[in-house]
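Heads up, there are several structures right after this.
One chain, chain A, links the two complexes that follow: it is found with chain B in the first and with chain C in the second.
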Partner chain A sequence: MDTGLIGILTALLAASVRMATPLTLAGLGETFSEKSGILNIGLEGIMLSGAFFSFIFAYYSQSILLGLLGGCLGGVFISMIHGYLSVRLNVDQTIAGLALNFLALGLTSFFFLMAFGRTTDLPECPVVHQIAIPLLSDIPIIGPAFFNQDPFIYLTFLLVALCYVVLHRTEWGINIQATGEHPRAADAAGISVSGTRYRAALLNGVFGGLGGSYLTLALLGFFMENITSGKGYIALVVVILGRRHPVGVLMAAILVGAAEALQFRMQTMGFGIPSQVFNMFPYVITVLVLLFSIGKNRTPAALGEPYIRNNR
Partner chain B sequence: MKKGSFKIFGLVLMAVLTLGLALPSSSLARNIKVALLLSGPANDGGWNAVALKGLKDAEKKFGIETAYTEHVSVADSESAFIDYAAQGYDLIIGHGFQFGEPAVRVGKRFSRVKFVAIESNFSSKNTASFRMSIEQAGYLMGIIVASMSETGVIGIVGGMEVPSIVKYIEAYKIGAKSQRSDIKILESYVGTFTDVAKGKEAAMAMIDQNADVLSHIANQAGTGVIKAAQAKGLMATGDSWDQNVIAPKTIICSALYHVPTLVLNVVKLVKEGNFKGGIYNQGMEDGVVALSPFHSFESKVPASVKKKVASLTKKISNGSFTVPLIEKRTSN
Partner chain C sequence: MRNQVKILGELGSMILIAAITALVGTILVLAVGADTGKAFGAFFSGILGSFYSFTEVLVRATPLILAGLGVAVAFQARFFNIGAEGQLYMGAIGATWAGLYLPAMPLYLHLGIAMMAGFLLGGIWAVIPGFLKSQYRIPEVINTIMFNYIAINIVGILVRTVMANKTSPLPMSPRLSDDLHLPFLADPTRLHAGLLVALVSAVLVYLFLYKTTWGFELRAVGNNPRASSCSGISVKKTIVISSLISGGLAGLAGGSEILGVHGRLMEGISPEFGYIAIIVALLGRNHPFGVVLAGVGIAALQIGATTMQRRAGVPASISLIIMGLLVVLILGRQYWIKSRST
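Showing the complex of A and B:
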C-alpha cells in the first residue's frame, strides 16, 4: 500500500467514514425523535438491539437483507417502548431511555447466551462487501474514501439527503418540527401530536437499528455482549454537535470518526506520549467544538416535555 | 396469633438456634473454606470465568468448601472481604489488581485469615499478591511474530496502558528485536477491553502502514484485531486462550494463561500450610503461562524458530533465563 502522504490521507479519510457510519445512522433517527420533542437517551439500547437482531436474522437465514430487516425490527422494538412510555404514559424520558439501555444490554446478552451457549468459537454471519463505484472511486483521496466502500455507506449518504428533504421540504417534516416546538399550536392546527411522535419514534428505531446492524453486518460479522460499547452515547453527542440537521449530523460524525482514526495512527508513530492522551482525543475535539458553537444551538422548545392534551 | 402457634414458633426458633450453634462446632475438624471475589459476571467467558473454574477445580481436588461473589465493585471490595472473613473463611481471593489494597487493610483486622489478590502489588503478613509472568509469553511471541513477518512491520494492540498489559508488550518488543534487529513495531493502546470495533480500527491503522502480523492483548477488543487480520488475509496471534478456533488460517499461536492452575497453586499453599504473605510471580515454571500449539502453522513457522522457542521455554522454566520485566511503557 502507498505509504506517502496521499496514501496516509486516503486511508485516514476512509477510516473516518467507516467509523462515522453507525454514528450517522443512529444520529439521523435521533434527529427525527428530538425534532418531534422526544429526547431518547436509549439510543445505545436501540443500536445494541439492532445489532443483536440483525445478527440473529442474518445468522439463521444467511441473508443480509433479512439481517437488515431484523436490525430495523430490533431497533423499533426498543424505540417503540420508549415512545409508548413518553407519549402515552408521560414518564420522564431520560429515565426511560436509561432504563431501556440497561434492558437492551441484559436482554441481548441473555438471548445470545440462550442461542449459542458458552462457546469459545465465534458464530459468524454473512457480511456485505466493498463495491467500488466506477469512475468516482478513481478520484484521488476522496474516491477510495467515499466511493470504494460497502453499500451500507452509500445507503447512509442517500439517507442523509432523504432525511434533509423529508424534514425540511415536506409538510410531514414541518409537522414534526411543529410538534417539537409548540405541541399545543400543532394540536390546534389539526396535527396529531401523539401520532407524529410515534412515527418519529418508529423512524428512530429503524435508523438506530440500521446503525447497530452496520457493526454486525458490515464491520465485524459477529455479535458479542455489549458490542456497541457506548456508540449510542457518542451518537447523541453527534446529534447535538450537528444541531439536529441531517447534513450537520453527518459532518459531526465524520469529525468524531476522523479524530478516532487519527489517534490510532498517531499512537503507532511512537511519540512517547501516554496512550490515554490519544484515547481522549475524540472527546476533547467534541468538547472544543461544542464550546465554540455555544449559543448557535437551537433546541426544540418542547424537547423532553410530555404533551398532555387537557392541561392548560 | 393463637397460643398454640406461639408454642410451635418458639420450638422451631429454638431448634434453629441450637442447630446454628451446633454447626460451627461440628465442623471444627472441617476442610478449609475458600471464597472468591469477582469483579464482574462469573460467565464472562474470560477473566472471571477462568478464576471460577480454578476454584471449582480446587474444590474437587482438595475437597475444600468454596463460595464466590460476583460483581464486586471497588467500593464494595472491603466489605466483601470482611463478610467472608467474619464467616470463618480461611482463604479469600480477590480476582484483580484492585483487590490488593482492600485485602491488606482487612488483613490487619483478621490476622488468622489469609488474603490473596491476583495481579496486584500489595502484600502484608497474611496478604499475598499473585502475578502471572505473562511477559514470558510476550517475549516468545515477539520472536515468533518477527520471524513470520515478510514486510518487516508488525503491530500490537493493547487494551489499556496498565502495568499488567504493558509488561507483555514491552517483552514482545524485546523478543521481536532479538529475532530481527531491523523490525518495525507499531504499538497502540485502544483504551478499552470491550470495544471490538475500536480494536478492529486500531488494527486497520497498522495494516495501512504495511504491518503483516498483528498481535493483541485486549480481551474482546482484541477479537477485532484478529478479524481485521483475517479480512485482509494477514496473520495474527491470540491471547488468554487458544484463539485459533476463531480464525484457523490467521492465528499463528496464542499466549495461554492458566488462571485455574494459579488458583489451584494458591489453594495448595494454604492447604499445606506453606502460605506466607508477599508478592509472587508465577509463570511457565509453575504451569501458569504457556504457548498454544501452532495448529495449521506447524509447517509454516521456520524449524529454527520453533527450536529456539522450545529451548527458551525450557530455560525460562528452569530459571536459567529471565525475561526482563518492564511495567512502564518505553518508546521504540
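Showing the complex of A and C:
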C-alpha cells in the first residue's frame, strides 16, 4: 500500500466502511422497529446475542453460513422477547429494552465463560475474507473502500436498497409506517397492529443479529465478554442521524465509522488530542440534530406508545 | 375483602417471581457444574458472612440508592431519565473539582461544598434534557443516553488534560488531600458517611414527594399531565424541577464515590451504577424507602455473586442475568395484575 495522502485517505475510507457495517445493519433493523412504533433500547442486547450465537455456531461447525444463521437466531431471541413485552404486555419499552441488555450481557458472559473458561488466548472462529470486484475495485480511493471488501459489506449495501424499497415502495412498508404514526387508524383500516409490530421486531432481531455477527465473523474472529461495548447504542444514534431512512442510516453509519477510524489513526500517530474528543462526536452531533429538528417532527407519532385496542 | 384479595395476589406474584429467579439461579449454578451447597454458601457468606462483608454491601448500595432515588423522582413525573450514569459522572467531576481547587477551608464545609458541587453538576446535566423535553418536546430517552456518553468522554478528556495528574502517566486526576474524605463510619471497614447522605436523601425525597405541594404536583403531572395542566399546574416547570432534583441526586452518588471511596477522578468509577439505578427504582416502585431496600438488595446480589465466583467458580455475570430476569418478570406481573383487576 502506498503512503502519502491518497493512501491514507483510501485506508481511512475503507476502515470507515468496515466500522459502519455493523452499525448500518443494526440501524436498518431498528428503523423497521421504530417506524412501526417500537423504540427498542435493547439493540445492544440484540447485537451482543447475535455476536455470541454467531460465534458459537461458527466455532462448532466451522461454517460461516451456520454462524450467520446463529447470529440471526440470537438476535431474534432477544428482539422477540422485547416484541412480546411491548406488543402483548404493553410494558414500558425503554425499561424492557434496558433489562434485555442486562440479560443479554449476563447470559453471553456466563455461557462463554462456562464453555471456554477464563483463558488469555481467545478461541477463534472462521472469518470471511475480502473479495475484490473486478474493475470497480480499481477506482482510486472509493474502489478499495466499497468494492474490495468482504461479501458481508456487499450484502449490507444490497440490504440497504432492499429496505428502502420495502419501506417506501411496498404496501407492507406503508403499513408499518401507518402503524407507527397512527395505530388506531391503521387498525380501523384493517391492518393488524400487533402483527405488523411483531414482524418489525423480527426484522430488528435478524438485522441486529447480523450486525453482531459482523463483529465476530468478519472484524474480529473471536468473542469476548461485552464485545459490542456500546455499539448498539451507537446504532440508535445512527438511526436518528439517518432520520429513519435506510440510505440515511448508511450515510450516518459511514460518518460515525469515519470518526471511529480517524480516532484509531490519531491514536497510533500520537497526536496530543485525547481520543475521547473524537469518541464524543457522534453523541454531540445527535443532540444537535435533535435540537435542530425542533418543529419539524419526524419521529413516528406513536413511537414508544403501547397500542391497547380496547381503550378509547 | 376485594382489597385483601388484591394484596394476597400481589404477595403471591412477588413470591412466584422470587421462586422463579431462585430456580433459574440454581439451574445456572448446576449448569456450570459447581457444588450448589458451596456456591450458595459462598453467596450468603459474601453478604452476611462477617461484619466486614455486610459493610461492603452497604458501600456498594450507597451510589445505587442515591442514583436510584434520582431515577425514581424523575419517573414519578414521567420523565424517563436514562441518564443517571452521565449525571453521576458529572457529579464526580464537580466534587473532584471542588475538592482539588477550592481554597483551604474547614473540613466539613469543604466536604459539604464538594457534595453540593456534585449535586449541581449532576442536576445541570439532567436539566438540559429536561428543559428540551418540557419546552420543545424532544424525547428524553435518547437525549439522556447521549448525555451519558458525552459525560463519560468528558471525564476521559479531563483526566488526560486539565485535571491530569502530572506525576503519573495513568489517566487520573491528582489525589484529593487525605483529610478530604467522607468520615468513616466503622473502622477498619470502608463504610463511609455517603450511606448517611443516601438515607437522609431518601427521607427528604419522601417528605418532598408526599408532604409538599411541589411533590404533589410532580406526582400529579406523572399521573396525568393533561389533567394537571387543566387544574393550573405548570407541567413544564414541574418537569424541569424533577429533572434537576433527579440529576442532582445522581450527582450526589458521583460525589459520594469520589469523596468516600476513590479520592480522585478517573474513568470507570461507575460500573454501570446509573443503569442499575433504573432497575433499583423499578424494584423499589419509585418510592424512596422502596429504593433504599432495592438498592441494598441489588448490592447484596452483586457482592454475593462476586464471592460465589471467587469461591465456587460460578461466573459473577449470573447477577446480571438475575437482574434482567427480575425486571422482565416484574414488568410482566404489572400486566398480569392489571388485566385481572379490570
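Quick note on the criterion: the second predicted complex is superposed on the first by the 282 of 312 C-alpha atoms of A that agree within 3 Å, B and C clash if a C-alpha of one lies under 4 Å from a C-alpha of the other, contacts with A are read in each partner's own complex, and residues count from 1 in each chain.
Throughout what follows, contacts are C-beta pairs under 8 Å (C-beta built on N, C-alpha and C of every residue); 3 or more make two chains touch, one makes a residue touch a chain.
Everything numeric here is computed off the predicted structure, so don't read it as measured data.
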Report task. Once the structures are superposed on A, label A:Leu113 by its partner contacts, choosing first (chain B), second (chain C), both or neither. Result -> both
Requested in this report: In the overlay, answer first, second, both or neither for which of chain B and chain C A:Asn311 touches.
Outcome: neither
Requested in this report: Applying the touch criterion given at the start, work out whether A:Tyr233 contacts chain B, chain C, both or neither, answering first, second, both or neither.
Outcome: second
Report task. Examine A:Gln276 and indicate which partner it touches, taking first as chain B and second as chain C; both and neither are also allowed. Result -> both
Query raised in the report: Should A:Leu105 be classified as contacting the first partner (chain B), the second (chain C), both, or neither?
Result: second
Query raised in the report: Given the touch rule stated above, what does A:Leu122 touch, chain B (first), chain C (second), both, or neither?
Result: first
Query raised in the report: So, does A:Thr268 touch the first partner chain B, the second partner chain C, both, or neither?
Result: first
Report task. Applying the touch criterion given at the start, work out whether A:Thr286 contacts chain B, chain C, both or neither, answering first, second, both or neither. Result -> second
Report summary line: The intersection of the chain A residues contacting chain B with those contacting chain C is 113, 225, 230, 274, 276, 279
Report task. Enumerate the contact residues on chain B facing chain A in the complex. Result -> 43-45, 49, 155, 158, 161, 186-192, 194-198, 200-202, 204-206, 208-210, 220, 223-224, 227, 241, 245-246, 329, 331-332
Requested in this report: Give every residue of chain A touching chain B within the complex, in rising order.
Outcome: 1, 3, 7-8, 11, 15, 18-19, 22, 113, 118, 120-122, 215, 219-222, 224-227, 229-231, 260-261, 264-265, 267-268, 270-272, 274-276, 278-279
Query - In the complex, chain C residues that touch chain A - result: 28, 31-32, 80, 82, 132, 136-139, 141-143, 145-147, 149-150, 153-154, 156-157, 160-161, 275, 278-279, 282, 315, 317-325, 327-328, 331-332, 334-335
Query - Residue ranges of chain A in contact with chain C within the complex - result: 39, 41, 81, 85, 89-92, 94-96, 98-107, 109-110, 113-114, 225, 230, 233, 236-237, 240, 274, 276-277, 279-280, 283-284, 286-287, 290-291, 294, 297, 299, 303-304
